[in-house]
Amino acid sequence: MSLLRQALPHPLLSLTLLMLWLLLNNSLSTGQLLLGGFWAVLIPRLTAAFWPESVRIRRPGVLLRFVGIVLRDILVANFIVARRILGPVEALRPGFMRIPLDVQSPLAISLLANTISLTPGTVSCDVSPDRRFLLVHALHVTDIEAEIRQIKSRYERPLQEVFT
Amino acid sequence: MELVIALTIGVLTAGGVFLSLRGHTFPVVLGLTLLSYAVNLFLFVMGRLAIGLPPIINPAAPGYTDPLPQALVLTAIVIAFGMTAFVIVLALRAKSELGNDHVDGLHIRASDQERQKGGRT
Amino acid sequence: MLEFILAALVLIGAFFTLVGSIGLFRLPDFYMRLHGPTKATTLGAGAILVVSAIYFSLRSETPSMHEILVTLFLFITAPVSAHLMAKAALHLKLRTIERTQNKEDSSA
Amino acid sequence: MLAAVLPYAIAMVSFALALSLIRLLLGPDAPDRILALDTMYINAIALLILFGLNLGSALYFEAALLIAVMGFVGTVALSKYLLRGDIME
Amino acid sequence: MNLALVVLLPFLGAALAAGSARLNRLASAWSAGAVTLAAALTLLPEAFRVFGGEQRVEAWDWIPALGLFFAFRLDGLALLFALLILGIGLLIVIYARYYLSARDSMGRFYAYMLLFMGSMLGVVLSENLLQMMVFWELTSLSSFLLISYWQHRKDAREGARMALTITGGGGLALLAGVLMLGHVVGSYNLSEVLAAGDMIRAHPLYLPILVLVLLGVFTKSAQFPFHFWLPHAMAAPTPVSAYLHSATMVKAGVFLLARLFPALSGTLEWNLIVSGAGLATLLLGAYTALFKHDLKGLLAYSTISHLGLITLLFGFGTPLAAVAGVFHIINHATFKASLFMVAGIIDHETGTRDMRRLNGLLRYMPHTAVLAMIAAAALAGVPLLNGFLSKEMFFTEAVEVGRHLPLAWLIPLLVTLAGMLSVAYSLRFIHDVFFNGEPIDLPKKPHEPPRFMKVPVDILVVLCLAVGLFPSLTVGPLLAVAARGTLQEDAPLYHLGLWHGFNLPLFMSMATLALGVLVYALRQPLFAWHERTLGRVDARIPYHAVMDALGKLALHITRGMDHGSLQASIAWLVLAALSVTVVGLTLYHAPLVGMAKMRPVDAISLTAALALVLATLATVRWHRQRLTALITMGVIGLIVSLTFVKFSAPDLALTQLSVEVVTIVLLLLALFFLPQQTPADSCRLRIGRDVLLALGAGLVVALLTLAVLTRPFDTIAGFFLEQALPGGGGTNVVNVILVDFRGFDTLGEITVLALAALGIVALLHGLRLPMPTADAEGRRWSADGPSLIMTTLTRLLLPLTLLVAMFILLRGHNLPGGGFIAGLITAVALIVQYLANGIDWTEQRLRLDMQRVIAAGLALAIGTGLMAMGLGFPFLTSTFTHLHWPVVGEFELASAMAFDFGVFLVVVGATMLILVQLGRLSRAGKASLPENP
Amino acid sequence: MSTLAAWPVLLPLITAIILLFVAKGDLRLARIINLLSVLGVTALALVLIGVASDDVHRVYALGNWVPPFGIVLVLDRLSALMVGLTMLLALASLGYAIATDVDTHGPHFHVLFQFQLFGLNGAFLTGDVFNLFVFFEVLLLASYGLLLHGGGRLRTKAGLHYVVINLVGSTLFLFAVGAMYGVLGSLNLADMAQRVAASPAENHSLIAAASLLLLVVFGIKAAAFPLYLWLPAAYAETSAPIAALFAIMTKVGLYAIVRVHGTLFGSEAGELAGLITPWLAVAGWITLGLAALGVLAATRLQVQIAYLVLASIGTLLIGFGLATPQAYVGALYYLIHSTLLAAAFFLLADLIVRARGEDGDRLEPGAAMPNGVLLGALFFGLAIALAGIPPLSGFFGKLLILHAALYDPRMAIHYALILLSSFVIIVALAKSGSTLFYQTQAEAPSTGLPPQKAALPAVLGLLLAAPLMVVFARPLTTWLEATALQLHDTRGYVNAVLTTPAVQNTP
């Protein structure tokens, strides 16, 4: 087991790499599988020092659903943002929001920030040095508190469930 | 198209020459970089303009563009990169040794000199 | 039918790309401009990538899925870029338009 | 069908690129220009893929991939320069 | 062999003299004497043959391509000079041994002296004119050494330099003349040149040849207007003056006049130039000599005057005049050498040469006085002495020429005038020094010199007398062969005797003596008049004026061109490139734009071009706001990449894109330490010039591009396209070219990269730069540490990016990609870690000596090449094979891939080394900051 | 096909790699490796000169790709000669650098040194125009590193100028090569020559423009007017062994002109034949004139020597501009002479500067130098040699050129400039020699150091060339005559290169 642990310090990463290799090569041939496997073992080992803590995904199901929600939000909300961008500028009500953070793992915070940025209408601007707040800019926001609640429930909670 | 390309390369060259003639190291580096863009494009189009004919052997390909200038440009890009890196570090060295970033190590602004004098007395 | 969808998708992608740039072009302050490129443009590129994936999968009769990778990278990097640019803007105390809410938060 | 719409798509993306360039030239502040450059990079991804579709060639994919992988580094470095001056501390 | 030996012996002797001085001071004098004697003895058997009517020539090949032979010639003229050089040389050797003081280095003196002797012998004994030039210039050099012998004295240094300047310069002119002469004749050998007089005189190059040769002659023989160096050469020790200015150095000029007499004389140009210069020199020298208070100064001007006399004789152009000239060369050598030695004795024993202080020395040194009186009488042309004989011949010729040429009646008059002055200054030399009351305030108490110091003078004075009394018996045979050697034919009849009857020349002689005494009697008012008028004229003044002007001009032009301005250098460069291209394009009558049809323009390309132009203009416009300019450069890079894509160059696009990213990081790293704004540094004029140059360059490049693109062409590309797959084993032709067809270029290219990295490491070594604490607007830098989001996400990206890099690396041979691009991606992936996490954090996790990575990459690249050599193929010959492995299936292995992997390693190593070293600069800066209290 | 041609290029590269691996921080080892390699390649170069004397072009097709498709190395008399010269200089320079510890003044001296040799030898041997560009870049970048080695204010400034000018030059090189490829469609010199000869008249203007542009590029390296402005400072400010090694640097430019333009526009080239020769002489005149004035105006010894180098370039440009085989003999003779002796002079100048202590290289009277007689004698010899005064080699070089100029219609100008500049140089050197060695202040205490014993062989060895070239002028000029004839036989070169077969044996 420890041997395996040594060989594959981040099995999840290795798996991802293998999949990506196959994607890159658009091929499922044995040769590519072997080669991808080779990279999947080698690269995590080479970069192990950069990944001191192993990443644990507790609830893959939640993660998958989260990804689905985000993708949907990206699609839907983009249309809204497009309308706002193309519409009258005067109608826009931009604003900053300080979102108090419950998640504490760096990866989770980062993914949350990313999600907020990708989903239209909001961009994460900064994390307070004490990791307690995320500063977000919204292109158009009418009720800031509601918006914050929405973000926390829709994005932060699933992430907290996955990474703790 | 050839005319457009020629003019574009000309503009890049002109910009590069103008900046190369400036008196401070950084604009000169910019000028050299512009010149290398110009010459890379020039060298590249010397194989003539071809659209959709990349030199990757493929039985279905209708034809290929001249691959040689591309190889030359690739070499030229790499060399230019090495040279740019060297010259920018040299510019730092020169600033450290000469005390300012003029290519000839000159203090240009008279006001600066006056200020220095004033500061000393 | 598929081709129709592809064509539509291409146009949608191009449209969002354009929207992103229009936002960049016309919105009045930096923070607002930041919104267009980070998502509309990203989404636009994503849509076009999907078309590409399908198109080449069909053409060569083997799945061409590497476009997913481009999208993945984009989705990871675009927010990082946006975040750092915003951070820089905050540091430089860039002007926001008058009606921006909670301006004081930005300087906290 | 696809072939018919591609020129329009390319034109739209090119126009987007042009708009981004105008923002870059207008500024007014350094972050605006950085943002514009960043946008141009992403526009370029779209453009490259459209090129590939237009020519029916997969050979332009890697260029798009490369921008996706590396394009943000310039943006990040420029931003960090504004923040800290010293980008590699 | 003997002749060569005669010339070479003194050169060997010089080394001997210098070496033996280390043993014993006097050993060098002895060896110099022995060498001189040996040379003379070697010459002797040859000399007899010459008297027997032979002309001896010895020749060996030297540079046949040039017509340069190592060749010597001995005829009467050469023999005469060789005897003078060796004979008087030997006397000077003896004399100098007593003259030099204990402080003077004898070894150096005799070594220089022998060098000079050898050079002079070389001049007179050369058969090949080019070889003669070698020795000619050597006389200038060795006389420089001799004149500057007392190098601590300013006058010695300056006199030597002046002599070198004038005689060396003349030598260069002579060289040109000799080359042309040889060109006209078809040979540089005297035997042929002397026989080709008619051809030479008829040639269009005759006048240039004549002028150039005469420049050499006149400078060397101190003819007006080049005479002024000679008096300044008197700063040399007196033995040197005695040697150089009686028998040798200055005689080289007149020797050449005699030597080339058959080849060049016999034209009006010759007569006018040579006799004109001779006459002027004769008068000027004689006049000036009279007013010199310095003994050696008087002798110097007297020498100038007599050289003028000889020149004038050759200028007359008649065979008899030439014979007289040769005769006077002999006579002048004897009496002038003795007079110089006398002057040296006086100087040596009294400590001064100033005739105003030297008086009544007859009482203190009677022997010397007698010698001086006889020699001076010879100089004045008093009957019964040798000087009288040649002066008579001179007057005869002057009268003769005066009959033939218009206005030449002046010549007898003027030469009589010169003779008169000559008598006057000779008289002064005797009367002022040995009579005229008591010495005034001498540094030393005068007495006779050592016995052997006078012996050389004794010998010469006896010769003056002997020749004067019995010319036919003594000098007759030698003069006869010398005359024959000079004329290269039998000399016309002449009579060597004391008495030629009552004729005009005799009358002139008597007149000079009488008038000379008269002039001397009137010296006081004459001196006063001279001081007020002509005495103020000094030829040195125009010389110095010319030299100063030359110096100033040199400084002005040099500073004007080379004032350490990079901008000027670049402007010149651009101008040169522009002009030659324009000239090239218009050189032949061909249309600029070719016949090939142009492609139509599409809107998108036009937009891209427009964008490129705008971005370029923006870069130029904002070059002083550096960050902005950097961003606009980024745009240019991007559009260039897109252009590569558009025109079928995916590999280039990939490369350009990755380089672009690295370059931005690089420039930003540097920008931190540079001012972020450039001060305005150019005036409108400068900007106007630069704009013009830039527009010109742009226009020319555009024209060039258009001209090429509108022409059809036929390239070797077909071969690469055909052979890439079967011969190179890859479908990506660009990559196959890079790693195979032109792998050697790539090897050079990665070497450049490696070198850049190493060079940068060297440049950064010990570099400390102050770090700005605030940005351009004065804002302090943000205090925030690493961004959490960035660090986390970029760590996530690292393995993914590396995977992409491997993908790009492996497919390069067949599809766009390859080692270079993969290397840059890898480097960027790692650099991002540095950007996000800082140097310390990253270095702890990435312990790779990038220098070794570079070395490994290079070793791998070159190793694959060497492997082919091991198998008997040329360096870098590639091989590839398709393997079928169970399970894995078919795959390709190509040696070029190993090469490409080497490229990959070098790129990773070099890029990382460059960027990280540069990034580390701020750490060095921080480390050197004073710690906060 | 002879493998011999490849080794002078490969060995330095291999040595550099070994140095990178092995000798990090171990100076002694680095010195030994470097010295051994230089000795070996020098010996090889001498062998190559012998080998090339049979007048056969030895073509080495890298990668076994036949010309004109692959890159070829071509060993002929001239390239062998240039490699030999390079190595002799390298030997002296390295010996001097080690003796005076110059190699300890900064990192990577030995590696850069070997890379420099790689670049130089490659440039001399390649038969491919783009490959020539690549080797130019290698040798330039190495030269940047070496030039700046040790650092210092003026050196850095000179280095910056040198680098920037050469970067612009590299750009021009690519423009020129690009245009040539765009018209001729090939990069192999022999093939290009053939294509020039066969080119239609309508392309002649373009070919002319491109090759004149290339001439400007080579002119920068050669330091021809008006492109010489980098030279005085660069040579004067860098360390002595590097200045000595750089004596070959300008010759690379001249070599390239002779090789490239000579081959492209040989007698076969029809209307284009001899395209650039009129330009060379004009550039030579002005360069020579300005250089002579520079020698006279110099207030520092090293600057003066730099201008002497420039003067030799002017003379060489005239020589090569005369373009006859006869003139080539003279120019090549003069090239060997000026390269070796200029190098010797730079080394000697360094010894003088060390011996003068605080008086430095200013041409002003100073304290008497320790061992001044020896230094003075060496100075005298070198001054004679470089001023072109008999009996040393400089005179004979000039003589050969002047002799060849007799047949040129512009003879008068050639003569005037060569002789007048000689005159000015003699005046200037007499003055500086007299100032440095005669006009010493006996009472001033000397602050200088006597010359290191170990540094002398380098100076003496190079100086020895001056008398040897005179004594052995006959075999040397005979060899050079054959070289000149080989260079003028462009058809021979083209045939030899283009008929090179691939190696056929199977491993």
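Think of it as A, B, C, D, E and F in the order they're written, each chain with its own count starting at 1.
Everything that follows uses one rule, which is that contacts are C-beta pairs under 8 Å (C-beta built on N, C-alpha and C of every residue); 3 or more make two chains touch, one makes a residue touch a chain.
If you're wondering where the values come from, they're calculated on a predicted model, not measured in any experiment.
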Minimal step count in the chain contact network, chain B to chain E: 1
Number of steps on the shortest touching-chain route linking chain C and chain F: 2
Farthest chain relative to chain C (centres taken as mean CA coordinates): E
Chain whose Cα centroid lies nearest the overall Cα centroid: F
Maximum centroid distance from chain F, chain identifier (CA atoms): A
CA centroid of chain A to CA centroid of chain F, Å: 62
Chain centre separation (chain E, chain F; CA means) in Å: 17
Centroid distance [mean C-alpha coordinates] between chain F and chain B, Å: 28
For chain C paired with chain E, centre-to-centre distance based on mean C-alpha positions, whole Å: 70
Residue list for chain F, restricted to those that touch at least two other chains: 130, 134, 137, 141, 144, 148, 151, 157, 160-161, 164, 168, 175, 179, 181-182, 187
Shared-contact residues (touching 2 or more other chains) in chain D: 10, 15, 17, 30, 34, 36, 59, 65, 69, 71, 76, 80, 82-83
Residues within chain B bordering two or more other chains: 20, 25, 28, 38, 40, 42, 46-47, 51-52, 54, 56, 68, 72, 75, 79, 82-83, 86, 90-91, 93, 103-104
All chain pairs that touch each other: A-C, A-E, B-D, B-E, B-F, C-D, C-E, D-E, E-F
Chain E residues touching chain F - in the complex, by the definition given at the top: 61-68, 130, 133-135, 137-138, 140-141, 144, 148, 151-152, 154, 157, 160-161, 164-165, 168-169, 172-173, 175-176, 179-180, 183, 547, 550-551, 553-555, 557-559, 561-562, 564, 566, 568-570, 572-577, 580-588, 590-592, 594, 701, 704, 707-709, 711, 713-717, 719-720, 723, 727, 740-745, 747-749, 751-752, 754-756, 758-759, 761-763, 765-766, 851-852, 854-855, 858-859, 862, 865-866, 868-869, 871-879
Chain F residues touching chain B - in the complex, by the definition given at the top: 130, 134, 137, 141, 144, 148, 151-153, 156-157, 159-161, 163-164, 167-168, 170-171, 174-175, 177-179, 181-182, 187
Chain B contact footprint on chain E (complex, rising order): 564-567, 570-571, 574, 598-602, 605-606, 609, 612-613, 616-617, 619-620, 623-624, 626, 629-630, 633, 636-637, 640, 643-644, 646-652, 655-656, 659, 662-663, 666-667, 670-671, 673-675, 678-679, 681-682, 690-691, 693-695, 697-699, 701-706, 708-710, 713, 715-717, 720-721, 724-725, 731-734, 737-738, 741-742, 745-746, 749-750, 752-753, 755-757, 759-760, 763-764, 767-769, 814-816, 820, 907, 910, 914, 918, 921
Touching residues (chain side chain B, partner chain D) in the complex: 51-52, 54, 56
Chain E partner contacts - residues on chain C that touch it in the complex: 69, 72-73, 76-77, 79-80, 83-84, 87, 91-92
